[in-house]
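These are the structures in question, set out in turn.
Presented sequentially are two complexes of chain A, the first with chain B as partner and the second with chain C.
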Partner chain A sequence: MRHSTFFWFFLPTAAAMLLFIAFPILSVVMQSIYAPHSAVLIEVETCTPLVGCTMETTVDQEATAALRASEPLGRFVGLDIFFDRGHLAVSEVAGMWRDTATWSGFVEGLSNLPFYRAMAFTLTFTFVVTPAVIIFGLLIALAVNSLHAWLKGVVIFFSLLPFVVTPLIGALVLFWMIDSRGILGTALQWLVSDPDLSLKASTGLMWISLIVYGIWHAAPFAFVIFYAGLQTLPMDQIEAAEIDGATRLQRIRYVVIPHLMPLVTFVALIQLMDNFRVFEPIVGFNAAAHATSISWFIFNDLGGETRQLSSASASSVLTIIGVSILLLPVLVRTWNDFKGKT
Partner chain B sequence: MFLKKVALVSALAVMAGTSSFACEISARVSIVGNEFPAIQTVGAGAQECSGAEVTTNLTKDHQSLNVPGMQGNPAEYTSAIVANSSIVALMNEDVIRPLDDLVAKHGQDLQSSQLIKVGGKVMAVAFMANAQHLMYRSDVLDQIGVEPPKTYEDMLAAAKMIRDQGIMENPIGGAYAAGWNLAQEFNNMFLGFGGSHFKAGSAEPNINSEAGINALGMMKSLSEYMNPDFLTHDSNATNAEYRAGNIALLNMWGSRAASQTTAEGVTEAVKNGHAIAGPMTVGGGSTPASTLWWDGWTVAKNVSDAEAEATFVALTNAIRPAKMEDEAVRTQAVWLIDGYTPTDAAVGVFEAAKMATTPYPMLPYMGLMHSALGNELSDFMQGKESAEQALADVEAAYIAAAKEKGFLQ
Partner chain C sequence: MSSRARKQPLGLQILIYGFAGLWLIMAAFPFLWTAWGSFKVELDFFSIADWTYALTGERTKAEYGSPFTDAGYKGAWVQESFYRNVINTFIICFFVVCTSLTIGTLGGYALSRSNYRYTFILLITALIFRAMPPITLVAGYMLPFFQWNVWGLMPTTIIVLVAINQPFTLWMLHSFFQNIPKELDESAKVDGCTQFQAFRHVIIPVMWPGVITTGLFSFLLAYNDFAVTAMLLSEENRTMVPQVAAFLGTTYTEGNIMFAVASVVSATAPLFILVMFFQRQIVSGLTQGAVKG
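The block that comes next holds the complex of A and B.
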């Protein structure tokens, strides 16, 4: 392709990427290194019903307006917000490193800091759900593929349902089922004969519930990709393997899985990204007391009575960095494959 | 078609009948606010006005909409219905206007006690008061032979008796959901123990104190008599437990008192036994472990004067004294409107006011403290860390947020 042809061909895509990807990222980075101005506070008389008048602190609007006009971007804080307790907590971690004698003490201290606690859950969730989704997806795809043709349509439709249900709604449905008065919660209490057992009150059980939800929701995605891949299986190779006396397991291990490998990489990429940004089940399960994620931080920063835009922006930047680190091995591999081919 | 006409005509007739004075406006009115029944009434009252369009967006998520929706110029919303907690965010961002001139021109029917004045300027017009107070099952308390509790210590004793006598396994209810609700219950208890959230005259936190530790201790004791899922129970879930007859004692919002027995699925026992009383005290203190609230409306700064005037007129119309003649409206809230006579459902809030309950702090940095409390206290409630550690975590989280927002250096 000539360079000019390529340029005109690629221009709309490049413009859209600049507008919808590059600029928002730039904006988020800017917002994370600027914070609101120092508040100018004054004491004024405040009168409210049933109470009367008292002296209360409020923001001096005129002085603040002047500050805002002189520096519309806000106060430059550099990486301060990234390093504060709500995010990387650099000074807290350094202090603990100095003061705690044992590793377990240090880890316990870390788990008391919001960012590291969120990372503990997010990474556990990501690294349990991603492989589980791939394995379940593959198993379902293989099972469906060996079904009789007229059954396939129905089974595919029902296997896809968890993925079709809006994540938040799916999470809410499960949330009510695992309530101590819900069908699953009561069943579990009966099974282990402990009437006080509560899935929602135990961090461990809540993590398991969230992980089960994550797998339930995403397995159909992997299934549908793998099922499409199975339709392109090289039948001559399968037949050759059969003639050579390979069992069904051996055929899957040595023919089917290598054939599906590029799709596994694709599903792993998407799932790593999605699971690292785990959010809906935490909200749907009302699980913030037990499990949080960086995405949940953003929601929390913007949902409070006082919105913390800089903090939310810093969390967004950390998400981008986190996703990049997670995807690096897969991307390097893809790049090497690509170079090997050309 | 005929039916449609009949419906239209009768609707018009009803409207003509109820709006004794005509409300004419000449510019757009757009209201954002919470969704509980009293606010629905106010929204509908504003929509009675004719001459221009009145739109309302009444939703639970009003707090995340009102600031962004009023920051633009012109603002999307010409009015936000707020409470003493949420007006702070609007004042911090300077998106609402002083109403003194409009009060002078159109506010003849407003009582002076309804005007929220900050630094001598009217910033909001309050229409109702609210507070959390005791609700209980009189039949259950009769059965164990105790008076309705006046203190949290009494509440614990009653709960123990109810459990020991096998009447209910978890007799206490509370909106202890991690987040806003849990933080609010801490605020109640903390103020009841005589604490104050900030060091006098500054934004420095002051909760890691004896009052804070006592407050958490009492919350922990109460939680032992609650449904084990209490950290996921907000007001709605707590009320569902109450209506189902699973709990007998709870500290609940006055604004929900009237609907407590009218919702779907309330058992007969709850209907007959439901009773309310004032807020409780704690730790031998005299200030109730509760907070006093008002709900009111504001007018946006970034709208034309005509729109501001239309908004003021429409919302004043919505809370005109004539509204208080309607029994159904009267029971919805403790109205601050002239001509309101309290209903049975109002007893708790009036008692709270009489007992000099502390108002919820209207401070620019209180929202950050509330968020920090909501995020950091659940570890303590689950028994994962000590009260001192939890309160130290709250202060550290608050300080990080307050530094970001420029309240602390």
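The block that comes next holds the complex of A and C.
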């Protein structure tokens, strides 16, 4: 295809991505290093006879408007927002580093800072859910693959539901069931014979519930992909392994899993990207008191009356950096593959 | 699986059926349970007295004379005008799917028919964009949208969702078009067609299976979005998902939790139907990226 033809074909989608993905990223970076102007204050001396003169501080509306008009981006603050208490909290962390003697004390101090708290949950969620989804999805795929043909269709149909359903709605459906008055909540209370058990009350249990939700939601995705991979299994290799006396487990370990390995990489990549943005379950589970994620952190800044754009932008930039670090190994590998091909 | 040697011992077979059954229950039961419970009163759905009330509807019987009631649905759809959110959702989904498929097929086709280095760079850029959590972009939209006075409008949200959709659409259609032999449009070009005419007369007639699959995923993305629609739509333009979230804020205090349950079930029903009719396409769409990747 000629360059000019390519250009015209690609123009609409390029324009959409440039205007609504690339520019917003730039604008987020700009907003994170500029803070909104505070109002200009002036001191006015008001004198009344007999009482005397008093100094009063008032907002100079005109000057404020003029300042906002002349520098619409706001006041340049550099990296201040990144380093403040709501984000990286550099001075607090440095202070704790100096003052706390033990590691556990330091970690506990970190967990009181909102950004690090969100980071801790996001990373835990990402790195627990991703491998769990892969293992669980593989087990389901292996099990379903050896079912009767007519059962397979039914299982696949219902399996798709947790993945296809809106994350917020899926989270709510589970949340209502694990409520202490819901069926799973009651069942749990009965199992551990503790009538006061509530998953909502403890941070640890809340984290576990969110992780269980994450696995439940994404396992179908891994399952469907591994199941498709199982349909193309090299039968001759399996038979050869059988003749050589490999047991069932050995056949899975040495033939099936290597065959599925490229798919595992694919699922891991997609899952890392998706789990890092975990957000809806926290809203659905009403879990903000126990667990916050980086995406929730940004959402919280943006919502409400105040709309703290600078703060949200700084968190967004930090998230983008985080995503880039996660993706970097994959990108380097793809790039090398491409170089090798040409 | 005809070989006698591959026949499983009974124990393993029980294990396999047990595990598949367990997963089936895990996947399906929450939805069936919530759908059943949505026709009950709150004291049955969240039963302190006895969990079987959720099945039999004792309190519902006491209150309405029958174990089923449509009070939750009436409250949500009539009293809280949930139907408006449903209409908004379908308007937004329709336009998002149409627009993103139109510009996505053009772009994906171009990517699949060009071998220069920049196509690879564009695909990688799209992958990076796909990795960006949508909520990080929302912070960048707010200020310009307020300034141009377009915040809260449906077209704004449609364009934003189309753009967020593009990276995924491009990847999917790119790999789909690569499976259509290049000889088709090349022979058309030899016969004197321009590239666009070749696309129009040769490729469009055979591209529908891939386009429908991609369209399903575009639809799901628009339908399931919460971060963007919650932040960018004004109250009267709200779609279903942010409305459900808004219900939660108010209903926990007012005791109208069944409104939220009813609206959750209403919002799940279209997805249920979608999976029923397009199961094959969804599965093939999911696997297509993986097999190629």
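Here, the second predicted complex is superposed on the first by the 281 of 342 C-alpha atoms of A that agree within 3 Å, B and C clash if a C-alpha of one lies under 4 Å from a C-alpha of the other, contacts with A are read in each partner's own complex, and residues count from 1 in each chain.
What we mean here is this: contacts are C-beta pairs under 8 Å (C-beta built on N, C-alpha and C of every residue); 3 or more make two chains touch, one makes a residue touch a chain.
The model shown is predicted, which means the values in this text are computed figures rather than measured ones.
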item	value
Partner chain in contact with A:179 - chain B first, chain C second, else both or neither	both
Chain B versus chain C as contact partner of A:41, first or second or both or neither	first
Contacts of A:288 with chain B and chain C, given as first, second, both or neither	first
Which superposed partner A:307 touches (first chain B, second chain C, both, neither)	both
Chain A residues touched - chain C or chain B, whichever exceeds	C
Contacts of A:84 with chain B and chain C, given as first, second, both or neither	first
Partner chain in contact with A:13 - chain B first, chain C second, else both or neither	second
Touching partner for A:298 - first (chain B), second (chain C), both, neither	second
Partner chain in contact with A:51 - chain B first, chain C second, else both or neither	first
Common interface positions of chain A, toward chain B and toward chain C	179, 286, 302-303, 307
Residues on chain C engaged by chain A in the complex (per definition of touch)	1, 3, 5-6, 8, 12-13, 16-17, 19-20, 23-24, 26-28, 30-31, 33-34, 37, 45-48, 51, 54, 102-104, 106-107, 109-111, 113-114, 116-117, 119-120, 122, 124-144, 159-160, 162-164, 166-167, 169-170, 195-196, 199, 220, 223-224, 226-227, 230-231, 241, 244-245, 248, 260-261, 264, 267-268, 271-272, 274-276, 279, 282-283, 286-287, 289-291, 293
Complex interface listing, chain A residues touching chain B	35-39, 41-51, 53, 56-59, 61, 64-65, 75, 77, 80-81, 84-86, 92, 112, 114, 179-180, 195-198, 200-201, 203, 285-289, 300, 302-308, 310-311
Residues of chain B touching chain A in the complex	63-64, 67, 84-86, 88-89, 91-92, 94, 113-120, 126, 129, 169, 177-179, 201, 203, 227-232, 292, 294, 336, 353, 359, 362-368, 370-371, 375, 378-379, 381-382, 384-385, 389, 393, 396-397, 399-401, 403-407, 409
In the complex, chain A residues that touch chain C	1-3, 5-6, 9-10, 12-14, 16-17, 19-28, 31, 139-140, 142-144, 146-147, 151, 153-162, 164-170, 172-174, 176-177, 179, 181-183, 186-187, 216, 219-221, 224-225, 228-229, 239, 242, 248, 262-263, 265-267, 273, 276-277, 279-280, 283, 286, 294-295, 298-299, 301-303, 307, 309, 312-313, 315-316, 319-320, 323-324, 326-327, 331, 334-335, 338, 342
